[in-house]
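These notes open a run of structures that come right after.
You will see chain A twice below: alongside chain B first, and alongside chain C after that.
Showing the complex of A and B:
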């Protein structure tokens, strides 16, 4: 477990000296700030929207769809390309510790980025009377963290498969997009569409946690998908040894 | 070794001696003997048996068997693609073999991989460094992964060993190739490993650095086991106690550099240089007893003489040349270099030289 922590903290610090991370952070805040401003602007102009934390979180989730593959793409692919994976795999570290450490580092970094977005609900809370719905805010943020952990785990898994970070980026993005839109198939009545609907990453989020409903199946869905991706990731690292 | 010892003491169990006294004498004696055994018998640190690795259908190494003891520097010599790196990767626990066994410090590389990895320092061919980290940060990272005790002191010591103290704070990305190589070496030495595996450690270094690194390896090799690969033969000759020449995944020969030279040199060869014509000189020398072959040398008046084994014909040649009225300029033996042996051993059915 200590190895996980050592790898995670190296990775976490690494983000703050790499340009990718700053680009991701800057674009998130830029887009989010713009959308926030427009929302507030129209609210003040007297349109009917009733602002709550969701005017921040809705767009944030969409941005994260693109941001997480960018954050995870180099995690293992780069190590593999640079030959440093050989260093980690010949150090007394288990394969899963490498994967979980990488994931945890990325997770920590994204949490820092997400933490700063609290500033928008805070402003909103000051501007509205009697303030925004705190329950929804907490539930939606909890959902966001769960969603984030799953998306990052998938990103790490894909990064473990490739030697080229760009390839890892696009494949991870494609997989996340499929999981994103697969929910739209779930509107039918058949078993297939039900399965598709329950697989959907964002439907789980938008339909429940986003609305302030914390349900166990949703939490389990995110947690188990995260674990599954990390287990597969470890398997891939191990299978690399056998080639 | 130790389990045979009790039998050695069966005669000491005297009938009349009190039991306890016998036991304690026995115990003391045994302890001394075990200690003595440990000191005298070289402990085997690397033991490889029938190691084979296939990449798909292509065999990288086939049935390698060798061993290395404490305080031994084993050189792994071979052309590129001979299987040196593959063998090292198996020994460091990076990849498992297709078949065969390898034990490092008594642990199996497949079943007890973590134990092996704890005891091995490894410098891969492409030095694995994080360019955006500083030298110290990098060593701190590796040291904490390897659970090095008193890490700060160790880092200081190891930086001194590879003479990198002045660049401790530099980013690895800004270092020259030679310095990076040394950072890699520092990483391999950091946890004071029992076995050091170095894949072409002097590649990309300038001559002064090469000498330094070789000296360092020799120093380390006194108390540890070092396995190093190289395709520079003089390096193997200088540094290694034992050389293992490997080609197409198989061990071609295994011996000390000195023995190899002696064994493969066979008959002695001499270079004779005179101020006269080559043809004339050759005609004269061919007739001498003990001379097997005379070949033209590089320059006019120079010949290469191959003697039959066990004959020192130098005095005879000197006398005859002078008697024939030629001016003898040079008469020296030529040893076969490790280069020749290497080429001889690794060349597979080379095309016969075409005479122009």
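Showing the complex of A and C:
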């Protein structure tokens, strides 16, 4: 377990000297800030704003679709390309510790970015009488964190498969996109359609957690998908030993 | 040995042929979706190809099966499969009995105590079937948390499913689904359709289905009333189906033949008689109401010729219930057709409370005057109101002969006009609803905006079925965002647009600078 922490904290610190991480953070804040400010701006010109703390959450979820592959793409692919993965694997570290550590580092970094987005609902709360519905806000953010953990785990898994970070980026993006839109197949009523619908990342998020309902099946779904991606990732790293 | 080595070279070729055959077969099957001759031949070819590959070079297969890669590979595969299996089972179990916590401050997704009591008392398994086309997917997602709550609190007695009425017309017809987005509450053989699935409606349906009793609505016949069996635009078959889907039994009655309204009548409908009812018929209706019944009257503007004789039914409604059907034709310039009254607002009443912002349209209607009565036991409510751009045209001759529509301030009543009104008598607890129009409920108009709903709601109310249960009302916190001052806006701009993204860029530059210095 100590190894996980060492790898995670090293990765976490690594982000703060990575230009990609700064670009991701800056663009997230710029886009969200713009959207938030436009809403406020229209409010002073007479139109009503919804007293809803989730004002930037919808756009944020969409940005994360692109941001998470960018954040995870180099985690293992880079090590592989530079040949440092062999060093890492020969060190007294288990394969799963490498994967979980890398994922945890990325998760920590993204949590820092997400934490600062509380500014927007905080401002809105100050402007609202008697304040926004904070229960919904907590549930929606909890869902966002779960969604983020799943997306990052998938990103780490894909990064473990490739030598080239760009390839990892696009493949992870494609997989997340498929998990994104598979929900629209779920608009039918057949069994296949229901399965497709229940696989969708965004539908799982928006249907309950986003509305203020913490639903055990949804939480389990995100946790399971995270575990599954991390287990698959460790198997792939392990396969480097015997392939 | 030479021979074997030569043959071995063809093994990859055989595998490739097998794979090509397999891919081709799959493509053919995806397009055709039939297990036809080509699919069978293709499958045979792929099996032959792989088998040939194995036979041509058996050593390679043996090496792959017992080799180191296979051993580790199958190990990794089994671990992944085991984790996947465990997680799939855990998810499936959780999915079957969803547990959820409602974090909203107003507890808007938590069921009321009345619903929980109803769910506890369920004696038979219940299935809620929501009929939604993909077009209504957002309403379907909207109602899903409520249904999850029902399912999770029912102790396994209640399940729900969604059906696409276009994909499955048999189920749609079986449960008499008439509009997209309705829900059938199915208990054993019985079912009831709820057109706007909400907690109140679903729980109400559950209670009605748990206490099945005959609910019979009689339509008066004998004076050329609207026909519940006529499927043309003038007929009332849609109304009949809508009522039957709510487990009402529909029958006709002629008070000319038998002056007594049957005891099992929960309501009587008088739908636009073309000639006036007789004194005796109106007397029978009055006696029925005195015993606590429900009456729905749908009238129409009278043709200018038979103005002189008083209509006993209209006299009865005016004297007993204080609802006077005025001799006019509602003209409304808010509607696309000036001779159709468009409801812009509703009175506060159980009938209209369920209209959910749906308007309704009344082609050729007369207006109703709600009069003050001396009898304190009668309470009246105006249900349907037109807007300011309407008036009650009294000069019907001018309209008919010269096609003129002029507002005459002396004779014509200015809008808002009342197009429908309800009244109840507290001594007999009888209920009356009067509409100045009968076309709005005919097949041609039944599905126009809220037309069908307001009439079905009226019948529910008149027959005393509307609030078998009143749920504990949920408080809904009113939140208001006050527009920020110019300074605050500036501060927000500074923080959200400049400081936050700029701070990140600044930190990035600083890091870059620091690292460059070190190098």
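Note that the second predicted complex is superposed on the first by the 235 of 243 C-alpha atoms of A that agree within 3 Å, B and C clash if a C-alpha of one lies under 4 Å from a C-alpha of the other, contacts with A are read in each partner's own complex, and residues count from 1 in each chain.
Basically, contacts are C-beta pairs under 8 Å (C-beta built on N, C-alpha and C of every residue); 3 or more make two chains touch, one makes a residue touch a chain.
This structure is a prediction, so every number in the text was calculated from the model and none was measured.
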(message) Output check: A:36 vs chain B and chain C. Expected answer is one of first, second, both, neither. What do you get?
(response) second
(message) With both complexes superposed on chain A, which partner does A:134 reach: first (chain B), second (chain C), both or neither?
(response) second
(request) Considering only touches as defined above, state whether A:17 meets chain B (first), chain C (second), both or neither. (result) both
(request) Classify the contacts of A:3 with the two partner chains as first (chain B alone), second (chain C alone), both, or neither. (result) first
(request) Mind telling me which of the two, chain B or chain C, contacts the most residues of chain A? (result) C
(message) Which partner chains sit in contact with A:242 here, chain B, chain C, both or neither? Use first/second/both/neither.
(response) both
(request) For A:211, decide between first (touching chain B), second (touching chain C), both and neither. (result) second
(request) Considering only the touch criterion stated at the top, classify A:90 as touching first (chain B), second (chain C), both, or neither. (result) first
(request) Considering only touches as defined above, state whether A:202 meets chain B (first), chain C (second), both or neither. (result) neither
(request) Would you tell me the residues on chain A in contact with chain B in one complex that are also in contact with chain C in the other? (result) 17, 241-243
(message) So in the complex, the part of chain C that touches chain A is made up of which residues?
(response) 68-69, 72-73, 76, 79-80, 83-84, 87, 90-91, 94-95, 98-106, 108-109, 132, 134, 137, 141, 144-145, 148, 161-164, 167-168, 477, 479-484, 486, 488-489, 492-493, 495-497, 500-501, 504-505, 507-508, 511-512, 515
(request) Would you tell me which residues of chain B are touching chain A in their complex? (result) 55, 89, 92-96, 114, 117-118, 120, 122, 124, 126-130, 132, 141-142, 144-147, 187
(message) Give the list of chain A residues in touch with chain C in this complex.
(response) 16-17, 19, 22-23, 25-27, 29-30, 32-34, 36-37, 40-41, 43-44, 46, 48-51, 116, 119-120, 123-124, 127-136, 138-139, 187-190, 198, 203, 206-208, 211-217, 220-221, 224, 227-228, 231-232, 235, 238-239, 241-243
(request) Enumerate the contact residues on chain A facing chain B in the complex. (result) 3, 6-7, 10, 14, 17-18, 82-94, 241-243
